[in-house]
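Mind having a look at this structure? Questions to follow.
As written, the chains take the letters A, B and C, and residue 1 is the first residue of each chain.
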């Protein structure tokens, strides 16, 4: 046993090593000469240590197991010689099972590239069908929710800009600024005018609103003064220099 | 090489490629001249068509490609799991609610209420048979008026629109009504 | 539906899918029962083989897949280079054999059979897609259960794990073929 001339790295694990030793000794798996095999196994572990190869715990566990079996073999037999009394049985079963898988692995090894001459195609893109789910889950209450949602949205919806309706109702947008200029221009020459005359020639509602807002704006700017001339509201031109504070009279009065 | 074998090679190559393969490439692979190749492909293609096989060979410019025969597309489509589509999207449900609560209504009214174009939903509801055209508004363009159908009543298990869950009357009234009539009112 | 048409549908579906399609799915698509389907596929496959066409139908577990005929691989390779991978190590083949024969199987079982930690091999096989996690064992720690994949069957050209030689039929070489009684005798 001095010259154990196997490569240390070829074994896949302790069972692999054990199978190798059994085969090398040309003995049966079912009648392992435990004493001899254990000795060789231990020698191998020693060799591993000698070559600074880390002996994994699995090898040590099996070593302990082998020593245990060896010691059991040395004990005198009981009278009832049941098969199961053989301390080697479990180990033998493990070795047989492992050996079968080694054979199976060999079978797979031979077939490993058997499919390599066969080619496949990638999946085509296939548009999925659309399937309508049943309407059964939709109830009238969903309709109520929907209409309520819309009502809420309408309430909080931002006011639609006037521009959106210009085409629809044929209104033209009149800016307050343009009306301010127009009123001021008239007042500069006339110095005073009837409030109602501001609306003379006004064609649309928006122009009327713009004209009204223009008057309010001019009051705020202290450029005009509103007076109640016996039931007829008048607008008077104010000189800008005069820093006279003017109270806001209700133009509708 | 026998014709039959060249055909098989072309079949294998077109299959594995999945894509269109140029005539030149096929010539290179099968090691035959272009004239031979074209006639072999034509023969293979004819056989596939004659036997009404599941696959066929189509010509794409100066390339050939293997494809499924069109008449089997409905079966082929079953490979991909179908996409389930909610029969009523939120938008469609809203349009249905508007029609149910405010019928008869025009597209313009529906759109004004929802504030967005609703043509797709209207079309979808017509397809599903949940709404129908009930008449036309006596206004410029004579727009269609939509109302709910018997199918709608069956689907929602209600006897008539009167059985719809009650909603505050004002909510309905407050909804903008800018159909042809509504537009008239605004113009005055 | 005529047999010939079912064959064509199967051909179209397997072509478009590219991947393996389960027998159940094919039954659903063609609307025929399993027995009929299996016989139609067998007939289609036989015809393809008999005519030595470029494509064939292979079995992958309980699925069918369209593939190129092996003898044309040298031509097909000119257009789709084959996937090359290094041969599996002895250890990895052992793990693969254990998974193939004992699936579904946990790491612990694999390790118990081999008597050595097998994590690296398991990882490698998962990476190569030759095995996959098929579930978890209802036991403390809920360990992963592994099984073989379609890729394994295709790669090793095995139709199904049932086609593997029974594990007990592997001859335990170099050993006298003896049973328990024989063992007893030797012990004596």
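The rule is short, and it goes like this: a residue touches a chain if its C-beta (ideal position, glycine included) is under 8 Å from a C-beta of that chain, and two chains touch if they have at least 3 such contacts.
If you're wondering where the values come from, they're calculated on a predicted model, not measured in any experiment.
What is the identifier of the chain with the smallest separation between its Cα mean and the overall Cα mean?
Most central by this criterion: A.
Counting C-beta pairs in contact, which two chains come out on top?
Result of the pairwise contact count: A-C comes out on top.
Please flag the chain sitting at the greatest distance from subunit B, going by CA centroids.
The most remote chain is C.
Just give me the whole-number Å value for how far the CA centre of subunit B lies from that of subunit C.
Comparing mean C-alpha positions, subunit C is 40 Å from subunit B.
Rounded to a whole Å, what is the gap between the Cα centroids of subunit A and subunit B?
29
Compute the distance, rounded to whole Å, between the mean C-alpha positions of subunit A and subunit C.
35
Scan subunit C for residues touching two or more other chains and write them down.
Residues 15-18, 66, 68-69, 76, 80 of subunit C touch two or more partner chains.
If a residue has to touch 2 or more other chains to count, which residues of subunit A qualify?
119-122, 124, 126, in rising order.
Would you tell me which residues of subunit C are touching subunit B in their complex?
Checking each residue of subunit C against subunit B gives 4-5, 7-18, 21, 25, 28-30, 52-55, 66, 68-69, 72, 75-76, 78-80.
Would you pull the subunit B residues touching subunit A in the complex into a rising list?
12, 15-18, 68, 76-88, 90, 93-94, 96-98, 100-101, 113-115, 128, 155-158, 163-165, 167, 171-172, 174-176, 183, 186-187
State the interface residues of subunit A toward subunit C in the complex, per the touch definition above.
Where subunit A meets subunit C, its residues are 12-16, 23, 26, 28-31, 56, 58, 62, 81, 83, 86, 88, 92, 94, 96-109, 111-124, 126.
Spell out the part of subunit A that touches subunit B in their complex, as residue ranges.
119-122, 124, 126-135, 138-144, 146-151, 153-155, 157, 165, 168-170
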